[in-house]
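All chains are identified by letter, namely A, B, C and D, in their written order; residue positions are counted from 1 within each chain.
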């Protein structure tokens, strides 16, 4: 399911995006681009504005200034549910699963444009609803198996461990067949082995379904091995952008992020 | 009750209430009210406007005092305390009970105010504290408040009967201030009301405990982090809420002259309107809200048939919530 | 002195059914969408009065006036929702109770609604149906109590609404609703138009309130503003919390138990004055409400696990 | 309070005994009367006085029956209408379930209609509401609803007559009207405006005030504005305690210009109503040629029983209860339908006249089967077919020194 792609045009273009909370300038004229089918890491010290930027891109919050374009069309200012419907799905830093609902139900909520979610369709096109429900259930089962959560399908999501919740939130995001997935520290609290499996799944989805990933990550090993581009933020500004090897040597990055702590990563 | 609900109504990260920020708002409000009064006196004549203003200030007294307790409890503990109106009734009926034992009216009222404060504190100890520890949802707190309101009201009625009871004070002699007239007792109620409002306002602004309470009502989690002993502060809030409610109840009974056990519940929604108008959690807001509601209701009689008076309060409430949800002084996010 | 008087308990069954339908609407809002709707009595007032005025003033047949009244009430629900659904949950609650009070005062003072003289004479067609049905029931030996047809109609409608809401809850639409109750932002991040779902939830609640209002109007044969007092909504919440949070079946059980209890207490024979007995009845209901909310917040049929996960 | 409780337990015992003894005595009739009272909810201020009015009527009837050797034993059961028509219907059903053959109350018309349509018409149980609205007459009650309160239309003429008697010809006289915002007030005010303007009088207002409000100063101001020739305030005692005080405080209020309807008629003014608000005021209430002694007796019974003070229309509840007892005596039975059929026989105009002071003889005469014309405390009751009192004789009274003094009687139908 590869989207129509104008040659060379990035899937996501962030230009001069600014956001202020009272006196605090959380994001300051951030400008960068994410290429189709790329796995881009967004790194930077705590408080650099990474999560705020993700909120601005996903419509969870509205930028004070600047533009966010997804597949060439502006999305800043749209409500978060409209951005999601355009094919941009996100996960949260503090995982947000529907605790009092089963793992399977959590997954089923990921399905997009489900006819069963409209009262009129429920009443009049019951066949379409049944078909969509079956398709969504089949995709959910497959994803749950991929993330080793199928055994827990009928348990309450609230009963899962921190790591399992992270995986569930990620799997749920994939339910929507998104074209761009924004992950906020997907590996936090996930054990090494399961983390590697998750990243393999990311690469498989990029290869087979052409999905693009932008993820916030603190673990430099993962960034260096898995990301094909890196965007570095510090104090609300994008200080550097480029392939991982280039970023490792860039002086600005070292000062802004690595250097300040004195020891090389 | 729901993560969504809790997050939406989580501790409001509004700007803490600094004394300076609230004075301009109070000044702006006073200016608006005075301008409105001047404007109306062109249309309806200064005497009519003056007289209704006096009438409005009398009811502003007990509305404001009743609303202060309500907003502090609502602001800090997220409790939509539907039992608050019945604390007013409790204050008035304890006064009757104590004065029946021989104490004159006003000393009996003082004892009743103290007693109601202690009862409010005890209720927190028995009901609200355990529920807070069990981190119950807003809905459960709201339902307990309804149950408590019914129990208080009908326990009073069980012992005192539902018939109307005269307060036994002289409600007739009136004082003439130039062209305006005001019942002597009403004047007393007005004076006591204004003095109490000022005292509460100053206490909250300048005393250490007052600051703690306002900080708590502004952002409970933040207050805890800054080392405020929230347990003691919460207990104090209940003492203040109960005491002020009882005082408002006594003032109401004295100003009106005769009451039955339903009066507290009947003006409860008026207290809510004042609290929300002023901005939930802000004590100054409740004081200002009470004044605005008191004046608006009496001024409305100049323009509309008096049968519509009760609707004025509710109309203001809805307009305020849609236009200025954080109220005149309010902090916190009113939008989910 | 017979406690088991058929007429009395048929009457209690009717009131329980009316509260059941009314509280199903509350449950949809509170238990399944996370909306604290304190104005349900106001929607019932709009619906019942619309039906009454359409029949009496506009001369419509009941069969047309009743569905039209539902549409009008749903429109009122949408209006309230559009104006206030963006507010914080507790603010929304206060707006809805202010709305229901304004509606009550308008119908008490507005000349078009009969002022505080109320509205009468809208139940002629229903009375005809009732007597026709009574003869049928008498033929099969159930003719004793006059109100049995109303009881049957109320409970048939209640069970129908219960089944419909339960089916809705198991549908994808219901799933989204519950997700919104859990975490609005997460639901929005999955592409769900949270505002639209809340509006639909409020609209359906307004429709259910109107159906309850219809049967209330037929039961008391006279529309009068004090029938739609906020205390009706509070009693509805007591039914909800007794039956069980987020459980439609619980609403039916809660309605029967609470109505049977409050009405049954009328036969409490203590050496007290009438006034004291009257007060005691309410003290007992109040204490039940407090104890339930404190010690069994999930009520009878609600799920304790869900409550804890959410707290 | 204590006095009443021991009284109550005595009556409870009597009820039990009554049940047993009926088997022994030849045809001892054991009548149960249902009290449908406003004990909780928005009208709960009316409950206690109505409860007392029916209780003292029953005690007085029991004593009179015993003295006259009439084998009739009366007990009471009560239920709470809660100020809500649906609760009133359920309460009425509880009363019938507890054995009530007649129901005294409820106090507002909406509840009366709900109870009538839902229960009493079908069960042939007589209903004695104190609500006066004409709406009650739009339902076919099949002779089961009787009212001892004069209908609004008649009382409106009585008020107009009382005003004319005091101020002379109404032509160009300014009458300021205020009423409490509920059926009783609205109905009477409409009738009065029509009656007054028909005679060329001018009307100011009506100022409508909401009973739930705390202060009435602004409303009171509008009543006394433009110095009207007279005021009429249609209200219940609980709100008038506040409204009257507000009127006096305006400083421009002259109580002698006030005329009030029957809801504010008390033999002695309750303590929470400021005396200056009524001193010199006039009023109307249902009357009869025995009014003075009847009210004196009623007042004695009321004071002797202790407890709550007078409230609106308590004499009417007293009369309703007495008429039910008389009808039961005439019917020799406690059956609801039999009682309903006998009401007209105990209030037949032209038959031998009896009153509260001669209740014993009335009971004996009724028991012996002759028709009688019982005249109650609150007026004579020749009931029309629809159960409303036809005789329209009204007392016009004046308050002097906190006491009610009947100064004149008029016939409002002329």
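Here is the rule we use: contacts are C-beta pairs under 8 Å (C-beta built on N, C-alpha and C of every residue); 3 or more make two chains touch, one makes a residue touch a chain.
Keep in mind that what you see is a predicted model, and the values were worked out from it rather than measured.
Q: What chains do chain C and chain D have as common neighbours?
A: B
Q: In terms of Cα-based centroids, which chain occupies the most central position?
A: C
Q: What's the chain with its C-alpha centre farthest out from chain A?
A: D
Q: Which pair wins on C-beta contacts, B-C or A-C?
A: Answer to which pair has more contacts is B-C.
Q: What is the distance, in whole Å, between the centres of chain B and chain C, each centre taken as the mean of its C-alpha atoms?
A: Taking the average C-alpha coordinate of chain B and of chain C, the gap between them is 31 Å.
Q: Could you please state the distance in Å, as a whole number, between where the Cα atoms of chain A are centred and where those of chain C are centred?
A: 43
Q: Measuring from the mean C-alpha position of chain A to the mean C-alpha position of chain D, what distance in angstrom results?
A: Chain centroid spacing, chain A to chain D, equals 76 Å.
Q: How many angstrom lie between the centres of chain A and chain B, each centre taken as the mean Cα position?
A: Each chain's C-alpha centroid was found; their separation is 48 Å.
Q: Mind pulling the chain B residues that touch 2 or more other chains?
A: 3, 154, 157, 161-162, 305, 307, 310
Q: Specify, in ascending order, the residues of chain A that touch 2 or more different other chains.
A: Chain A, residues with two or more chain partners: 99.
Q: Out of chain C, which residues touch more than one other chain, so two or more?
A: 109, 182-183, 185, 187, 275, 278-279, 282, 310
Q: Per the contact definition, I'd like the list of chain C residues that touch chain A in the complex.
A: Listed in rising order, the residues of chain C that touch chain A are 168, 171-173, 175-176, 178-179, 182-183, 185-194, 200, 305-306, 309-310.
Q: Which of the residues in chain C come into contact with chain B in the complex?
A: 30, 34, 36, 83-84, 86-91, 93-95, 97-99, 101-102, 105-106, 109, 180-185, 187, 234, 237-238, 241, 245, 275-276, 278-280, 282-283, 285-290, 292-294, 297, 310-311
Q: Looking at the complex, which residues from chain B come into contact with chain D?
A: It comes out as residues 48, 51-52, 55, 58-59, 62, 154, 157, 161-167, 171-172, 174, 176, 181-183, 186, 252, 255-258, 260-263, 266-267, 298, 301-302, 305-307, 309-310.
Q: In the complex formed with chain B, which residues of chain D make contact?
A: For this pair, the touching residues of chain D are 39-40, 42, 44-45, 47-49, 181, 207-210, 212-215, 217-219, 221-222, 237-238, 241-242, 245, 248-251, 270-272, 274, 276, 308-309, 311.
Q: Quick one: in the complex, what on chain D touches chain C?
A: That would be residues 1, 4-5, 8-9, 12, 35, 37, 39-42, 44, 47-48, 51, 78-80, 82-86, 89-91, 93-94, 96-99, 110, 113-114, 117-119, 122-123, 133, 135, 138-139, 181-183, 186-187, 208 of chain D.
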